[in-house]
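Common to both upcoming complexes is chain A, partnered first by chain B, then by chain C.
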Partner chain A sequence: MSVVQKGADGLGRGIDDRLGSSNFVRRSLNKVFPDHWSFMLGEIALYSFIILLLTGTYLALFYTPSLSEVVYDGSYIPLKGVTMSEAYASTLHISFDVRGGLIMRQIHHWAALLFVASIAVHLMRVFFTGAFRKPREINWVIGVGLLVMAILEGFAGYSLPDDLLSGTGARIASGIMLSIPVVGSWAAFLLLGGEYPGTELLDRLYIAHVFIVPLAILGLITVHMMMIWYQKHTQFPGPGRTEHNVVGSRLYPVYAAKAGGFFFLVFGVLALLGGLAQINPVWLYGPYDASQVSAGSQPDWYIGFLDGSTRLMPNWEFYLGGYTLSLNVLLPTVVMPGLIFTAMALYPWIEAHFITKDKRAHNLLDRPRDVPTRTAIGVASLTFYIVLLIGGGNDVIASIFNISINQISWVLRILCIVGPPIAFVITKRICLSLQKSDEHLLHHGIESGTIRRLPTGEFVEETVPLPAQYRLNLTRVAGDHEAIEGGHGDPGYDLEAVGHAEAPRSKGFFRPKGVSRVDPEQAERTEVGALEPSGKPGSPPQ
Partner chain B sequence: MSDNEPSIRERLASRPTDEANSGGDSRVSDVSASDFQQTHTDPSAPQEHLTGLQFAEPLGPPRELTPAESKSAERKVSALFLLSVVGVVGFVLVYAFGEETYDQPNNWLYTPLLGVFMALALFGVGAGAVLWAKLLMPHEEAVQERHDLASSAEERAATATALKEGLAQANLGRRPMLLGSLALGGGALALLPVPFLFGLGRFQNKEIKLGTTGWREGVRLIRQNGTPVRLGDLDVGAVESVFPDVDHGTKLADSPALLIRMSPEELRLEGEAAEWTYEGHVVYSSVCTHLGCPVKLYEQQTHNLFCPCHQSTFDAAHGAKVIFGPAARPLPQLAISVDEDGYFVAQGDFSEPTGPSYWERG
Partner chain C sequence: MNSTATVRKRRKQLSSYAVVLLALSLVGTLYTAFGAPEGQAQDAPANQSMAVKEGRELYLTGCSTCHGLNLEGGSGGPSLIGVGASSVVFQMESGRMPLAAGTQQAPRKPVKYEISEIDQIAAYIQANGGGPELPSADNADLADGDLQLGGALFRTNCASCHNFAGSGGALTYGKYAPELKSASARVIYAAMQSGPESMPRYGDNQLTPEEKRAITRYVRYLTQEADNPGGAGLGRYGPISEGLVAWVVGITALVGLTLWIGARA
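What follows is the complex of A and B.
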């Protein structure tokens, strides 16, 4: 027995003597994780957050959240002798006089953009595959909360350097708070310590950015992960995969090696971006000055949709007996995001109670085409979002393409109302026709391109039947789970029910009428018997 | 189409059903050894460490690697790990010996090089680990049962009983006075932090007031560099950013204004607003009435003032009324005149509060 093994044995015994951890550790190491590229999106978000903590801690060692005025005397010559806030001066100090400070700042900023972006894409994956369904609704809500927190965290951090751009952003934020009826000016004074810009803004934002919000994010991520662990990950349907098992590789060693390596790959990409791609060059913007702004001012991308909604909103303002109601600010910046995030958080219940009436647990994921209405809702929402995002850059578009900004704004105003319904209808039609093409593949097989002449003189087209694993995917909707269950013990679900991804009262939500997804071969030889033995094309399956 | 491929479906299907069910209620325990059988290895070998797992594919790489292939894979992975050493050494060298100050134009490579070496170091370890898993670790399709998340009815009932019993022992139901006083006490306690919120807002500072700016009667209009603006300094069509000549006048966020000169016949103001101008000079607040951005882009021919943040557009010739965009109110006008020395002065504060709207604004 080698020394290393002796040492490891001793260590293991020592720990287990005290914690009794063997069983837990073994079960954890043996935990199975399903494999799919789209499951890495959430990982990217987690890793970005870790990188944000690492780089942010380093930056915090040098940053001073103070609006006190100093005269700059650092290495950056163009700003030498300029009066500026201590916050801005310390940001310049990090960028020019701290060794490796600039790359830290740039990695931090890129990681922030990636953090929000990967949350958003991860959320889309979860939405379009139906991973939010029972039993995972709570984790979906936590995910929406994380998205909101990430946006707030990003905005607070963006405002800290106190350069011209970020100061303008903070001023807009204070204007937004002022628009809240009754308590608006109180809320703004609470945050700013007085009328804008006040004296406290940076201290408050700083504490929010380095302590309050990150702590909330950390807590939510912890619960998010624990629930994934406890409820086990969803999986795409495939051979041997059922509602009652999870198929993939064990945590140790394969999954751990891949996931651990992936962290370093994400970090590597961010390091490359931080080194090569300049981001937020605050020294070019100059210190904040309430009387100045540069044209083409753009926030970070994740604020863009709010900027767009603010730009596109008509100028509705009402005066009620000595009080002002600024709907032109309140609706696009407070009410709209509030409604959107609330609707997002509630969507799992909205779908289950009002659309599908399907209140069963689901561990197998949907293909987006198999749930056309949900997919269409998602694409319509994305259309709305993208129109607003484009609206956030309407001035840049106007100057690049030399078009009237008024025309762009009007087109976008109309598009954000008309676009989503059009996107809804188109998406649904595409999903339905994809289903029809699936059905065609299933019943007709793959076209081989060979025409054979029979002895009788008849010409027939040769087709190649679909391989079994593809057939499984295509027929799943028609209730093929029993066929792949293969006589498992009853795990407590209603197998008959779970087998049908389709709920009884909601045919339109899932597929066009009259399309059969029954695998003809399965139907003929299946011994499990849940399928209609006749299963002929065109008849709706049971 | 035959179903002859070694699918898990068939293997699972061929399993005796009593064996699959032998654990009784398989929801409760997914780690009972008797529930599962190993389909791929010698059943006589001890497999306690794999309890609760089945394997759809045989353990082992997807195909047997030849010794040469195996060696080559090992070399690739090792090379990647060693790449990290190169990255770290490069990073340290650049970090220590590169000059970072930007006053020397030759050092623009410092941060990019740091990034490249840092990325090399990180990619080496990351790609090495992933490749190791992909090339040299056995590919497996492990199958693990899910446990049912819902508890049994008995379990739920027992928990409900425990909760109720606790409540009964606390006597809450039979002692309404306790309950009422607790509600009052707890509610009062919840209000305790509210005064601290008032402290945050500095409500004790009565001087802070929305709706007033640094402009008062007789205050001169100064430029950002502090020099006062004199009648005749501006040609027709010119504009000038002006600030009140008071303490920190150029720093007051609600006071910046724009002095515009146009020919008097172009200026179409009505009522007393016409008297607030001086020989074709008119002053508007440059704080946008939408969200407070500086409205400083002036189009001479159309007299349009444009806000770069949300594109609100104001017509300076017509009292800065809104002609496009999300702003609802015209920019407030500052009444001006000229003092005995020929310098512009304010006649008082703005005609109404500057900047974004707020509830109490009226």
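What follows is the complex of A and C.
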């Protein structure tokens, strides 16, 4: 043993003697994380966030959140000698005169767009697989909080450069605040430190953007991760996988290697985008000036649905005894998102109480087709959202495809009302027919391609039964797993309850009779590393 | 109507015009010979009248079917009396005229005429009813303005329709403000002077010639010279195209990589 090794050993033991941490570390390194590509989607959000923190810190070194006027004297010729705010001048400075400034700005902005986008993709994964069900409702709510925070963070950042675009955005935001009855004007006054544009807005947005919101996100992510740690990750049903175990790779080395590599892949994609594709060329927008506005003044995509809802909203405004009630702004930008995010946060309980009536805990995931109502609700909501998003870009669409902006608006107005129900019905149908075809596969096997002639002269194609592993994926019934693995799981599934009204007709097949159910909450889930194929469900990890 | 009859009638009309024109040019020649001040200017009107004459010829073959033999307009197009030379330069140099039938807003097309021919038609139309006229026929001269002033004026006056980068934008009911990428300095200047379609006309008291030159300079700079750092411009439609790229390129790539990593256990 070398001196260094000895020293390290001694140090390790010294720490361990005092903190008793090696047990914790060993247990942690041996933690098992299930393998499925879709479980890595949340990580994209995590890594984008880390990249946002890194690039944002660099930008903060050079950015000045001040509205005081300066005369620009940097290297962008068309604005030389133009009077502008210090905030805008410092953004130009970062873009043209700070080494690596522009690529940092661009990576930061692309990372912001992809941060929210990857949150959305992750959310869809969690939704459509039913990962939000008991006992993970709280983590779902935290997730909704993270989504809202990410949107706020993006909006605050978008407003910092004080160029024409961001100024227009801030102005619209203050208009939205003013539309809130009774408290609106007070809130706006308080936030802006006076009438629009006020003197305080930029300072406050800056503090929110670099300190308050990131800290809140960081805190929420920490809780989010800790809950995944303690509740353990969900998994799809499969051989040896039950409600009570976790089958997958150990955190160290397999999962850590994967995750570490993945970080650099995400970073690589963001760096490529930042280096190859221009984003928010602030120098073209010019300094903010209340008398100017550009065509195509749009928010970043994650605010686009609010822009769309405002554009599609009929122009309702009422005057009540000296007060103006601007429903045309209030409904689409305050009431609607408020309702959407509340409904989203409450969805796990809404589903358990009104849709599946399944209030039990679940560690095994659903396939979307097996819960048609949930899947249909998801697709209908997405349809509504996408219609609003398209509405937010109606002018650009009109100009690119040469169609009338008024026609687009009317089509979208109709679509945002009739689209979701249509999407709901179609999705449900598709789910049910997919279920049927699964059922067919299970009963009749796969067509083998071999034609046999029967003694009667009839030709039939021979079928082979599905391999056990695929059959398991289709049935998702833990009872079958036992048969194959000899483990002691429990079904934990009651397809009739989950699929509710749409449960397939052949109930007997999908729901093995006479298997006792154990409440997964009561039982501690064991972890089974995929590295030990012999690892029986139920045996403790080494 | 019998077509030979039409042709004959038109020819008759033409010959009567030719007589008038001949008389006019005679007067012009006499004027230059005896009355005009010496020097350079001496042959300018002669050139001018030559241009008018040639312009008239071109007009009669290319435009009169819609705008009438006397610029008076007709069922096919509006009267061109008083629209001025700049309107002609704008419409022709951007390829909008002669019109291809059946469009809601005359689109830009490849230009069929030489610049000299356009100037001749412009001179002819200018000579009949007057109207705004380019202060110079030279692109470089028209774009000789202050870049910074031009930028500010562009954002105040033009960006609301043509977008911050001149990428164009939609107006109501299928109308649109086109992108400015292909506009020459003459077309830009003439557009401000003539105010085509739903674009406002900027007279010299709204935007002085100096300011118009500044704007022209800025638009040319923006669309031709500016070296825009930071990579592909994505059409410069603003956050919409950026959001689209984030999803179509970014998320697709990332989810693809997730699938790839997920597949290697």
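Going forward, the second predicted complex is superposed on the first by the 467 of 542 C-alpha atoms of A that agree within 3 Å, B and C clash if a C-alpha of one lies under 4 Å from a C-alpha of the other, contacts with A are read in each partner's own complex, and residues count from 1 in each chain.
Heads up, the rule we're going with is that a contact is a pair of C-beta atoms (placed from the backbone, for glycine too) under 8 Å apart; a residue touches a chain by one contact, two chains touch by 3 or more.
Small disclaimer: the values here were computed from a predicted structure and weren't measured.
Undergrad: Taking the superposition on A as described, I'd like to know which of chain B and chain C A:W229 touches: first, second, both or neither.
TA: neither
Undergrad: Which holds for A:V396: it touches chain B only (first), chain C only (second), both, or neither?
TA: second
Undergrad: Could you look at A:F211 and tell me whether it touches chain B, chain C, both or neither (first, second, both, neither)?
TA: neither
Undergrad: Can A:S249 be said to touch chain B (first), chain C (second), both, or neither?
TA: Touch partners of A:S249: chain B and chain C.
Undergrad: After the superposition on A, what does A:G296 contact: first (chain B), second (chain C), both or neither?
TA: Both: A:G296 reaches chain B and chain C.
Undergrad: Now for A:S179: first (chain B), second (chain C), both, or neither, which partner does it touch?
TA: So A:S179 only meets chain B here.
Undergrad: I'd like to know which partner A:F24 touches here: chain B for first, chain C for second, both or neither.
TA: neither
Undergrad: Contacts for A:D97 in the overlay, against chain B (first) and chain C (second): which applies, first, second, both or neither?
TA: The answer is first: A:D97 touches chain B but not chain C.
Undergrad: Between chain B and chain C, which makes contact with more of the residues in chain A?
TA: Looking at chain B versus chain C, the one contacting more residues of chain A is B.
Undergrad: Could you look at A:A117 and tell me whether it touches chain B, chain C, both or neither (first, second, both, neither)?
TA: In the superposition, A:A117 contacts chain C only.
Undergrad: Looking at chain A, which of its residues have contacts with both chain B and chain C?
TA: Correct list for chain A: 77, 96, 102, 106, 249, 254, 258, 261-262, 265-266, 269, 273, 275-276, 291-297, 394-395, 405-406.
Undergrad: Would you pull the chain A residues touching chain C in the complex into a rising list?
TA: Residues in contact with chain C: 35-38, 40-41, 44, 77-82, 95-96, 102, 106, 109-110, 113-114, 117-118, 121, 164-165, 249, 254, 258, 261-262, 265-266, 269-270, 273, 275-281, 284-286, 289, 291-301, 304, 392-396, 398-400, 402-407, 530.
Undergrad: Quick check on the complex: what are the chain A residues that touch chain B?
TA: 26-27, 30-32, 75-77, 96-97, 99-100, 102-103, 106, 135, 168, 171-172, 174-176, 178-186, 188-190, 193-197, 200, 231-232, 239-240, 243-250, 253-254, 257-258, 260-269, 271-276, 290-297, 307, 310-317, 319, 322-326, 328-329, 332, 361, 363, 394-395, 405-406, 409, 465-466, 468, 483-493, 521
Undergrad: Chain A touches which residues of chain B in the complex?
TA: Result: residues 1, 3, 5, 7-13, 15, 17, 20-21, 23, 26-27, 31, 35, 49-53, 56, 95, 100-103, 111-116, 118-123, 125-134, 137-146, 148-150, 197, 200-203, 205, 208-210, 224, 241, 243, 250-254, 256, 286-287, 290-294, 296-297, 308-312, 322, 324-329, 355-362 of chain B touch chain A.
Undergrad: Okay, in this complex, where on chain C does chain A touch?
TA: Residues of chain C touching chain A: 147-148, 151-152, 155-156, 159-165, 167-174, 176-177, 218, 221-222, 226, 228-234, 236-247, 249-251, 253-255, 257-259, 261-265.
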